[in-house]
Amino acid sequence: MVKVEAIVKPFKLAEVQEALLGCGIQGMTVAEVKGFGRQKGHVELYRGAEYHVDFVPKLHITVVIAEEMLSQVLEAIRSAAYTGKIGDGKIFVSPIADAVRIRTAESGLSAL
Amino acid sequence: MVKVEAIVKPFKLAEVQEALLGCGIQGMTVAEVKGFGRQKGHVELYRGAEYHVDFVPKLHITVVIAEEMLSQVLEAIRSAAYTGKIGDGKIFVSPIADAVRIRTAESGLSAL
Amino acid sequence: MVKVEAIVKPFKLAEVQEALLGCGIQGMTVAEVKGFGRQKGHVELYRGAEYHVDFVPKLHITVVIAEEMLSQVLEAIRSAAYTGKIGDGKIFVSPIADAVRIRTAESGLSAL
Amino acid sequence: MNLIAVMDFIIPNREQTMFGKILIALFFLLYPFVASAAGADEATAADVQTHLNYVWTLIAAALVFFMQAGFALVETGLTRAKNAVNIMFKNLMDFCVGSLTFWAVGFGLMFGATWNGWIGTSGFFLSDYVHGEDPWVLAFWMFQVVFCATAATIVSGAMAERTKFTAYLIYSFVISAIIYPIFGSWAWGGLLNGKGWLENLGFIDFAGSTVVHSVGGWAALAGAIVIGPRLGKYDAQGRPRAIPGHNLPLATLGVFILWIGWFGFNPGSTTAGIKDIAWIFVNTNLAAVAGVVGSLISIWSLTKKPDLAMSLNGALAGLVGITAPCNTVSPTSAVIIGFLAGILVVFSVIAVDRIGVDDPVGAISVHGVCGVWGTLAAAIFHIEGFSWNQLGVQALGAAAAFLWTFPLAYLTFKVIKMTVGLRVSVEEEIEGLDVGEHGESAYPDFVLVVGAPSVTRKGAPHASLAYGVESHLAKGQVVRNV
Amino acid sequence: MNLIAVMDFIIPNREQTMFGKILIALFFLLYPFVASAAGADEATAADVQTHLNYVWTLIAAALVFFMQAGFALVETGLTRAKNAVNIMFKNLMDFCVGSLTFWAVGFGLMFGATWNGWIGTSGFFLSDYVHGEDPWVLAFWMFQVVFCATAATIVSGAMAERTKFTAYLIYSFVISAIIYPIFGSWAWGGLLNGKGWLENLGFIDFAGSTVVHSVGGWAALAGAIVIGPRLGKYDAQGRPRAIPGHNLPLATLGVFILWIGWFGFNPGSTTAGIKDIAWIFVNTNLAAVAGVVGSLISIWSLTKKPDLAMSLNGALAGLVGITAPCNTVSPTSAVIIGFLAGILVVFSVIAVDRIGVDDPVGAISVHGVCGVWGTLAAAIFHIEGFSWNQLGVQALGAAAAFLWTFPLAYLTFKVIKMTVGLRVSVEEEIEGLDVGEHGESAYPDFVLVVGAPSVTRKGAPHASLAYGVESHLAKGQVVRNV
Amino acid sequence: MNLIAVMDFIIPNREQTMFGKILIALFFLLYPFVASAAGADEATAADVQTHLNYVWTLIAAALVFFMQAGFALVETGLTRAKNAVNIMFKNLMDFCVGSLTFWAVGFGLMFGATWNGWIGTSGFFLSDYVHGEDPWVLAFWMFQVVFCATAATIVSGAMAERTKFTAYLIYSFVISAIIYPIFGSWAWGGLLNGKGWLENLGFIDFAGSTVVHSVGGWAALAGAIVIGPRLGKYDAQGRPRAIPGHNLPLATLGVFILWIGWFGFNPGSTTAGIKDIAWIFVNTNLAAVAGVVGSLISIWSLTKKPDLAMSLNGALAGLVGITAPCNTVSPTSAVIIGFLAGILVVFSVIAVDRIGVDDPVGAISVHGVCGVWGTLAAAIFHIEGFSWNQLGVQALGAAAAFLWTFPLAYLTFKVIKMTVGLRVSVEEEIEGLDVGEHGESAYPDFVLVVGAPSVTRKGAPHASLAYGVESHLAKGQVVRNV
């Protein structure tokens, strides 16, 4: 099992969701985060004084999948979240040792 | 060391916390997330127009523990978060290479 | 590649950010979380009744880096986030199998 | 001025004949009528005073109406985000249901021709008003309807975060149709028609410490008892736990709005634009500020923290306290009355909490308890001197309000509970009434704290118990997926 | 009182001579003048009535001014957090631009000496007022300017979340300078100077169901059509999707504020402190509460959920509906008018939504549609009896408002679109106008839900389509990094 | 009317005898008295005017009271979420402390029998009022107490987010007991008793540009200087950084409320229901809208962004500017005065920021600077012509306000600093005063942005410096775990 974490532009959520559903994914978890990267923030003026907004709102989407689906899922997220502009985000893949479904106590792949 | 991440129903937080304390866990980190899964959202009507709520509020609880505690912790979370209804959530286990306590610079298990 | 996750005191964000930039890090992701640990919460009184605040606000900073930068990054975060008081937080290190930059489809280290 | 023409005609006309004299006499006799006919818009002073009375009474009514917004904000601010739509909605609806009910039924029962001082019997559907005739009954109705709505809306706060929407609509009807107006007719019926029995005894309740606030407060008490505390309000040992309000700036705004509304409530109860209103304004304001100071000192001493939510209650306590005596005590007495009300409300809120009655906003203490205090204070601090007799009458009136309201409201809520149901399901209460009852979120664009992670009791033996969930579940209720 | 002295001098003086008689007669004849001369500051009753008229009119103006806050809150509450600064700002600016424009131009066109009942021609820059002379024109202007601003501000809600700030400033100028005042002169010009043609026909619009609300509503319709729906409002099949408002407590507060403002709007339209205001108060309030009940019943029946946002529209619908007839119908009729307005607004909001006009707050239905309803109701429920003739005049007035306002507003928005541009860029609309237009966030300390994760259409074939982004992008617009 | 009966008795009775004539004459002579005796409540015109004065003055007082809510909202909206309880609370308390203090001490010092035009000496605890006698002093007190509270509350904004709660309570007492009333007696003492020295010179400050606003503004300046800037307000190079307000919708609502409050503040300062109020209303409104436009144009030109927070200051600047001259300038002048005030406030806010005085809400510029501007404008734009002499007197008054207030307030804050302490600890300031001072959160159900991640200075050499933490820590203060 692997965990795929994608940091994407917020307005891409619906498309990424569609794409993942298209891969047969049954669940995912989303968090509001703030990103810092090559996509720079901007300088704002408030009441005549400056402030720098370094962090831009991003969504952090986590989906745990069977390893064999990885390339398909990566491609699905990539193409759904793509705009071609700086700040489109990253996908990170990491190992998952085990998964448990609380409701059934199933573990492993069948817990997903 | 392993990281245990549990996605649970929000109102179960207190019980999960109790259960973890019962295992001797000293710390944990919680984030507000939105989940999508078998537990479907619902259709709402607002001013006569529909909208679909796909994501339901969940809590994401992270606890890093010594590997030997894993089964105990899994069981503790599982039983505390259990209601038997769809959407009770998942627990994911993943490896942790190292941990550092900022205050003391301790690392490894003693950092937890 | 490794993922470094730091749970730090909120007001330390700017300093940690500086320190990471100083290591040559190009991006990071930050989330608002609540922490439970040795740093106990406090008892509050509201309208004459007590309530216990167990969780304190923390920031969760994630940065994925090349493995060779690890010790430098750990030290940078540690010293930037340090106050010496209980509750300074933890750093967790975990393996990352792969990374993809959505915009360019680059993968591996060059995706960071 | 056609007076000149008239007199030109009369005087130089001929010698002072009998006819001429009569003419002159008649002229002057009729002069006031002529004048007011000549200048239908050049009204007499009495007319202008009447107009001023209308203007003042109606502006005061508008201010009292605004109190609905104040109550809505206070109640919403002092409860949780997940129930904000529901509480706002209930505050809107009790005014709407109340207005229509008071128009159809309540006003007649309260101010109609009295049946032996016990109940009004005429003027339903504003039938007393005949187009083209004097419309005072309309101005009076307008002022009274907002009072009725005030009494009605007090309950929503005490029963907040757990009451079914339909149940609340039914209650709103009952209080506006029966509970409030019939009691009101005892104390205030004579303002329009024959006097009620309390009035006949000399009961003083100038602007409604008892008639409005205690009645509302005792209905709130009945409701809070029948419905029971919110999930998680008491721990396994029965100790109360704080459930902080979600938006204290809105609650504070609400208090400011209530305060300005009270400048209609008390001085407007003259229903006349007269000098007395100055006195009433000053008394009202001094009691309110003294109430804040009294409650701040009390809570600061007790808990070592200056608590905003409690101090807001202090303002309202002072205002409720001065409502009955606002026209019969000196400014200095107003300060004392308000200050004591502020202290009283703190102890009352804590006591109510401890005896297991969950009143999220302190309505029982503010309106019920301080309403009684204000009613007694009208005798104790009477500017023309204290009399045991008056105090007895005041106590009787306060007792009558309790004995009339509490049982009737209790019964009402019991009947509602047994029929349509009074309380939402456990799952709905956990999830929040906004989604459960209305399918709407108050703040859909904000990330909300769920699972109350910042407000949880450390080391409670069983959190499920602590949240009161288990016991409910045990009764076989099914928790929907949350 | 020196009257005694005067009479002492006259009467016992000598026998009743002709001279004496004349003296007495003269005295009494002149008495009113003597009295008012004696007390230049002890004004006559007529003077005091005039003062009361000033006081009442200006207090009413203050209440109507407060409606600006109400509109701002309703519109902000019913739209998204990312546009809250922008909407608040627009509501502030339409009042400011409107006030200055109405001072310079609009008031003269509306209330100046009329050119054949079609347009006013004098009194620009308040030039009618001469220092030291009667200042009634100032009181009247103050009352009228807040009416003008009400008409102007209605549009901001219907075009919310996508209109350029500068475009809105230009529109504000046009409606306050031309659209509103010229129509207004037809129906209300006679309040200060010569009558307009609608007035001459006997058109009844006591407080402006047509003059203010329909005009605002039809301008809103034109604007909403020209600018098109918000991104994501319609799915690929053109079905409307809900975009929930971000702060329902603020929206509810806004409705309470509008409601109290309406107690200035309708009764203040007497511009005189007279008994009629009682009637108008009662009618206004009863229509509002009936509007809530009507809309609640409707939406509850239709969607099985008591919907707060819709019920708020119901209150406003009732208020708009009673605005024209508030001074010519019975309280019972007011209940009926309000109730029907409440039903009407629900169906209208849903219909407008379905035909592809995106009006985030329901302004078109509340003000345009219910404005027409109120105008017709003034004939249908006239207390002195129904007449087809009157209904015809009312229909003519309502039609005239549409035929004058809609094309002109449509043209205005088209011209703005072709010149400075009417709509913000797609990227700015997605990111929110607050950052894009103003570089400010309404709520920088709160974590906001981004990407609308809680409000997304499940299973829509292509989310990009669903959000309406693709089509816009296809037109070659560049999306900035978000 | 029993007049008929009386005359029936007199006239047809017998021939016109001397007795009869005298009777008639007497009757008519006495008629006014008879009439007013017959109707003790049918007051004379003068009585009704007096009543109208009471009603108007008290309604105006209620509107000015409402400004407390406006200030609370503006200040809360323009500061951070973590301090919202604290700021709301301070705004509540300065009114409460101020009311009691002004009742006990301040009113006597301001309006008591004057000691050579320098200080009032009687009427403490409202002792001037005797029950049963004329209560004008009460109406007048009510109006004046809300003015006192306005001056007091101005400071809370400028010292927001870092001032200790107890320190603020002490300051509230001092300004309400001494600073405000003594200055007030110089300019306004004659409104009730003997004139103050500024009044005697012919100083014009109709509604308080100087007396209320400048006094408040200079006290705010003193406070902001003594307490120093908020942590993080200035970077290592001393350049100001923006700390955005957390709730701009509430701030905007606050401005609308202040605006309507000003319709009591300025026109109510007639303390009489007379025609002048029309003029004052119009001037007040035109200056406010022109202030918004002036500030919007300025900030838009300067920063290329239409900034809402600054435009809100513009509205208040216009209002403060017109406060002194509202009764002595033409509407056109009001537009100019407001417009220039709007420009002035923008430059002033930026300048104050740059010189290192941290005023989170712009109170010093709005009230202090524009208060001076308004005071001078009363001479410059005087409708009866400009005179250097008058301008000199105005300048003198403005200078006197500064010279009296600033040193005294400075001293007050210094003494507070040295005794109970003026500023919260660094850790408390970082964590927020709500938790630190009150153990309450304003918004416990919302996830808040912590660590200001969205508002951080990129590339600042050391963030700790940037946040100003290090320097404070260096002083040995201990930071509690946050």
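Labels A, B, C, D, E and F are assigned to the chains in the order they are written; within every chain, residues are numbered from 1.
The rule we apply is simple: contacts are C-beta pairs under 8 Å (C-beta built on N, C-alpha and C of every residue); 3 or more make two chains touch, one makes a residue touch a chain.
The structure presented is a predicted model; accordingly, all values stated were derived computationally and were not measured.
Listing every chain that touches subunit A and subunit E alike gives B, F. Once subunit E is removed from consideration, the other chains connect through touching as one piece. Shared numbers divided by all numbers used gives the overlap of an interface; between subunit D and subunit E this overlap falls below half, so the copies present different residues.
By residue number, the contact pairs of A-E overlap by more than half with those of exactly one pair in C-D, B-E or B-D, and this pair is B-D.
Spacing of subunit A relative to subunit F, judged by their CA centroids, is 52 angstrom. Taking the mean of the C-alpha atoms as each chain's centre, subunit A and subunit B sit 18 Å apart.
Within subunit A, residues 17, 30-32, 34, 44-46, 54-55, 83, 85-87, 94-95 each touch two or more of the remaining chains.
Looking at subunit E, one finds that residues 16, 28, 44-45, 48, 52, 55, 59, 244, 247, 305, 307, 309, 439-440, 443, 446-449, 453-457 touch two or more other chains. The touch graph of these protein chains has some other shape, matching none of line, ring, star or complete.
All chain pairs that count as touching, in label order, are A-B, A-C, A-E, A-F, B-C, B-D, B-E, C-D, C-F, D-E, D-F, E-F.
Across the complex, subunit C meets subunit A through its residues 3, 17, 26-31, 64, 94-103, 105, 111-112. Looking at the complex, you find that subunit E touches subunit F at residues 1, 3-4, 7, 10-11, 15-16, 24, 28, 35, 39, 41-45, 47-48, 50-52, 54-55, 58-59, 61-62, 65-66, 68-69, 72-73, 76, 84-85, 88-89, 91-93, 95-97, 99-100, 103, 125-126, 129, 131, 134-136, 138-139, 141-142, 145, 165, 247, 250, 437-447. Those residues of subunit C that touch subunit D in the shared complex are 34, 40-41, 44-55. Residues 16, 18, 21-22, 25-26, 28-29, 32, 44-46, 48-49, 52, 55-56, 59, 63, 80-82, 244-249, 252-253, 255-257, 259-260, 263-264, 267, 273-279, 281-282, 285-286, 289-290, 292-293, 296, 305-309, 311-312, 315, 330-332, 335, 383, 443, 446-449, 454-455 of subunit E are the ones touching subunit D in the complex. Residues of subunit F that touch subunit C in their complex: 430, 435, 439-440, 447-453, 456-457, 460-464, 466-467, 469, 479-482.
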